[in-house]
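You will see subunit A twice below: alongside subunit B first, and alongside subunit C after that.
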Partner chain A sequence: MPDLARASARASALATVSRPGVGPDCGVRLSERPADALVQVAVPAAARAAVADALGHALPDPLTAIDIPGKSTRLLWVSADQWWVEARDGTAPADLAARLAAAGARPTDQTQARVVVHLAGEHTRDLLAKGWALDLHPRAFPAGACAQSSLAAVSVMLAAVGGGAYDLYIPRSFAQSLWDWLLDAGAEFGVGVD
Partner chain B sequence: MTTQSFRNAEGGLIDRATPLDFTFDGKAFQGFAGDTLASALVANGVRLVGRSFKYHRPRGLIGAGVEDPCGLVRLGAGDRAEPNTRATLTELFAGLTADSQNRWPSLKWDASALTGLAGRLFPAGFYYKTFISPQVLWPTYEKIIRAMAGMGTCPEGPDPDVYDDRFAHADLLVVGAGPAGLAAALAAGRLGQRVILAEQDMRLGGDLLAANRSIDGRPALDWVADTVAELEALPDVTLLPRTTVFGYHDHNLLAAVERVTDHLPHAPAGLPRQRHWKIRAGRVVLATGAIERPLVFADNDRPGVMLASAARAYVNRWAARPGTRAVVVTNNDDGYRSALDLQAGGIEIAALLDTRPEGGGALAQMARDAGLSPRHGMAVARALGGHAVTGAEITALSGGGATETVDCDLIAVSGGWAPTLHLHSQARGKATYDESLTAFVPTDPKQAHESVGAAAGDLTLAGALAAGSRAGGDDTLAPPADDHPAAPIQALWQVPKPPSGKGKRFVDIQDDVTAEDVALAHREGYESVEHLKRYTTLGMGTDQGKTSNVNGLAIMAGLRGQTIPAVGTTTFRPPFTPVTMGTFAGREAGHHFAPIRRTPLHARHDALGAVFQTAGLWLRARYYPLEGETMAEAVAREASHVRRIGGMVDVSTLGKIDIQGPDAADLLNRFYVNGFKALPVGKCRYGLMLREDGIVLDDGTTTRIGDTHYYMTTTTANAVTVMRNLELYLQVHWPDLDVSVASVSDQWAGVALAGPRARDLLARVADIDVSNDAFPFLAYREGAVAGIPARLFRISYSGELAYEIHVPSDFAPALWDALLEHGADLDIRPYGTEAMSTLRIEKGHMVIGTEIDGRTTADDLGMGRMVSTKKPFIGHVLKDRPGLTEGGRKQLVGLVPVDKRTPIPETCQIVKPGVVTGRDPVPIEGHVTAGTFSPSVGHPIALALVKDGRARLGETLHAVSPTTRVRVPVTVTSPVFVDPEGERLHA
Partner chain C sequence: MLLIPCPWCGPRPQTDFTYGGDGTVVRPAEDAPQAAWADFVFVRDNPMGPHRELWHHSAGCRRWLVVERDTVTHDITGSFKPGEVPS
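This part shows the complex of A and B:
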């Protein structure tokens, strides 16, 4: 068999999108931030303690996301007894999944199911409010809050990450379409891509 | 250029340093920044602005704001033109072009105005009475009526403008930025609440902009300026001028439209024309003010008859005189304020008539002090003039009808104020008649809202400020204002006809409904206000009766001998004012109509010149045409190539679901009609799902990839439905099952590799043994393909030796490239969904939407033997309903044209030979579900659902389409046209 190990590089779902530069008047800045691993994990009640041990942190409450201090790992509540574990420290999805399975959880690799887009800038909330029905005022959706809802008719996970910035987890197949929407809807504020 | 000869040299909220040129009916005019189109027309002495709906009578401006029924114009040109726009709400900008409506050939000489002369022939219910029969002529009648009665004309092309959506949330939404609304917003804003203040006007201030009032001993406009400045500085207060809240829905959801760039000659890049706000408010303060009512007298629609409040608004706010010599007539004290302001604005008051025998209160004394001579118990009986008022016939209401004539060019009328309770009513609040106000006031709010100030019936300025502040959360903030004790209002719903009997007394000036029409409706039995509205059109149209409703129902109450509250009001519905359709479309226009799903291989297909097809939200590669090739040629070539050599197709759109847990096999067993408990690790199984009612829902394969770990695929169409069903049953019906499910449709991409040479290619790129023994049909393997971790399935949709290779989505392009590269010398080529469809039709495989059409059972589709009798599953009870099991059901069969040449279109119904289709119904034997040219058998084939079809193999029937006049004699065959033994599959 020929040496076919050509797949070391992941192809971005946003490979062909328009990426306007960041100007001084940009009200919103977008950046694509692929996770090294994004594992969805169903945790039976009996396994919660073991999973927390394996992660080094308790699983977050509903509608909450936690960046584990000192680690490049974020935990996001997804639904009843389901969370996402997002790693940005080079962890391979299979290794993370194996660790979670060993703790009694049921991991599902979603690393390439979601495109992570970071949004920052003073008009970020104004832009999201064009297609997102939930309240994003810091009093209602403070840093550390996360929620899944529809953004411009696409079901996404949105996490408030502090400083008025948000991380958007877009289903891969919708990423290009929603990216186009963000540029279009954000035109009045000026959108740049980092 | 016409000079602004009716503009005062000083005063008003206009910027005389910024003149703005505009045209009306092609004629050039000039106004100033701060003008509305209406105020600029007034300043230029333009009186005639339109023709009426039914009688084509000349009409002028009646109001100065949202209430105006007549100043409807067409704005702009071409596809940007907008008909039925209120001149009173249109902010003037340089280069504005407006045209009057409902006139031909010109506003001054309108041919249809003859209907006005023949008005006796056009009474209430005229359309219903005249155009009833003969019925066949209705289409003709309709055209005539539309041409005569329609208001404005729509542009024909697509709307070139961009519209926007915006969700918003607030602790408090304040509707209306008059004194009450500003006070409410200020009080709440100071308390740190999140406040949205929406005002339909371009400027905040409400009635204070148009009135000479004082607050706390200072000009009221100073208080407005201070308040607005403080609100602007509060971070959680959002001020929305040019924003009309037009709908009040359940759960305190309110809809508003913001006119973002309508007032600009050119919209800055990126800004929409209008923005549709959807506001969720904790509480709502309705500070929507009140609307002055006109008085009903003969020819009260002549241009120059105007609401007194509107006349004073033109003078005060815009320094524009709507006349030079006015008759003012009022039934309440506020008319005196108007008379004083008109006089101060340079208009001679020829007569000041108070319909009340006892006259007015403190304001009446102020009028006398200013040299005016109010005449009590007097009213205008008839306006004189045609295109403009030239005088007024005035009369004593108690006398014998003797009249005198006063020369004037303006008749300012005040019939009292009616609270604007539309939003309160939309929110299902009640309206209660208030005798002291002779108007309905809002009571019994049903949601978290409160009406304050004039909207609640309190017409004093101090009262508005206090109520607003209190509603905003601070009852200490209530500055004093210059109110005066008023004498009671007089209920005067119509002034008797003049002794001459001349003239029409309009109740609804926009819809041409007269007091006589109301009386006619009453005589003919249309007494209910809802009937009155439909029969006479009272309160219909773009203004929805803002100035006419109370007068009309009061007249009806008088005719019925009942009180006004006993007669009641019609229902208020959204929108409060008309909203252009583009605003509702918002951003969901053009390619943003719906989001687009792309597979990870989209760019690869694009590079190969694929023609795409929408499948739900997905874009899929339909076929890859060679130069000069038609679609049919390309599809036949691709399908044939797969059968002869091999091809690859993107199947990433399949639904994919990860299922884990000790009860996973049990869950599958309950979902599929066939058994899954015995499926070993490393094997796939085809499964069929029913709906609860026993009808087929979906099919797909599920693979056991671990001891308690399964990987399910669904059809593209039903990916969401199946996932939703799994979650529903696990959460609601079977919470005892210990199973977890997760959609992985976007995580995994899939490529199907099919054809005689598929194994040769796979052997080159995969690191597993792909021999038939090591990797037999329906086996599952994990391995690396082109160095990519992959899930491999020996399954086949085409009927060929085939594999599905699933890899994480980001690696799909690398997989595709490797397959193309290493398959090049094997001549493996891509094929699209259309060839895939041809291949499946040849094999008699069914598809969602055509064969699985929400009506077919497993047996109908020839799958009856798959259905387990040993276990319960979703649909197992209702599948045995008599209707689903008795004979005569349509069954899946194949069709071949008898001449082996004629295509069998998919729209065909199937009848017995000799059955003539035409006007009468004929017995239908079935219908064609899918047709194609089969390159494998060399002639057209089709799949069909035919009554008792499996028992009719060999029978000749006719496939017919009466609409396209197609009639194809066909032979009923097995639905499997290629390789019925499945030898290729297992090769």
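This part shows the complex of A and C:
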């Protein structure tokens, strides 16, 4: 049995990266947004109602993400009959997984598998456009939209969180590399770390 | 670069997918003769024109799909969920 308590205390994958400060001319601001729990669930059609009850909110439609009002929980669609449940209220991954399993979902803990980076600032879309193929204009990708595709050849989840800001869910082992890419690609706009 | 319409995610760049081979081959019965299994495993047509092929949306929803593509012009005329492919 792996030592889960030790694993969840593991250092950030971004512990050693370069973190330039935010200046007055920064067009893009990055910040790390560690989640307390990120659990992927496969939900059989017959269990959808029970899982929605357990979460206190309906599971979102394809290509959308929802921040449950009044709770620090976000639901993201990832594939047919599959979602992510991301909690920022101190919930332990094992507790969240157990709660979802009891409702009939099949959970997989992904908490340590992803690094969440928040991007904001007026040139965020210009930066992402350098490595991302999908249209991010609010007409095509409004707040609440999410999609998995390649950013600079790394497979990531991108969620539009409103106000021209985005959350990027990066596979842990690619996080340093993609962070360096973000700093490099953002250099012309001015990039700083909150 | 092909623009492949994923039945779950919508149009996505080819680089998000992995090619999975001919989508028309049919698995023989368990007790089929060895020649039928050899055909299934090794022998493929190389058609000019419309062709159905398997793709895996590996950087997206990680689902398999069937894409109808013209092997000469690269025009994509349809994409289907497995099990929902018209005959």
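By our rule, the second predicted complex is superposed on the first by the 185 of 194 C-alpha atoms of A that agree within 3 Å, B and C clash if a C-alpha of one lies under 4 Å from a C-alpha of the other, contacts with A are read in each partner's own complex, and residues count from 1 in each chain.
Criterion: contacts are C-beta pairs under 8 Å (C-beta built on N, C-alpha and C of every residue); 3 or more make two chains touch, one makes a residue touch a chain.
Because the structure is predicted, anything quoted here is derived from the model rather than measured.
Legend: residue contacts after superposition of the two complexes on their common chain; A:18 is shown touching neither subunit B nor subunit C.
When the two complexes are overlaid on their common chain A, residue A:187 makes contact with subunit B while staying clear of subunit C. Of the two partner chains, subunit B is the only one touched by A:42; subunit C is not. In the superposed model, A:62 lies in contact with subunit C only, and not with subunit B.
Look at A:177: by the touch rule set out above, it reaches subunit B but stays clear of subunit C. Touch criterion met: A:148 reaches subunit C, while subunit B stays clear of it.
In the superposition on chain A, the chain among subunit B and subunit C reaching more residues of subunit A is B.
Overlap of the subunit B and subunit C interfaces on subunit A comprises residues 80, 82, 133-134, 153.
By the touch rule above, subunit C contacts subunit A in their complex via residues 8-10, 12-13, 15-16, 58-63.
Subunit A contributes residues 1-13, 15-16, 40, 42, 44, 80-82, 94, 106, 108-114, 129-135, 137, 139-140, 152-154, 171-174, 176-178, 180-181, 184-185, 187-190 to its touches with subunit B in the complex. Only residues 164-169, 194, 236, 268-272, 278, 280, 587-588, 591-592, 594-600, 602-603, 618, 658, 660-661, 731, 738, 740, 742, 744-747, 764-767, 784-789, 807-815, 817-818, 822 of subunit B touch subunit A when the two sit together in their complex.
Contacts from subunit A toward subunit C in the complex involve residues 62-63, 78-80, 82, 133-134, 147-150, 153, 155.
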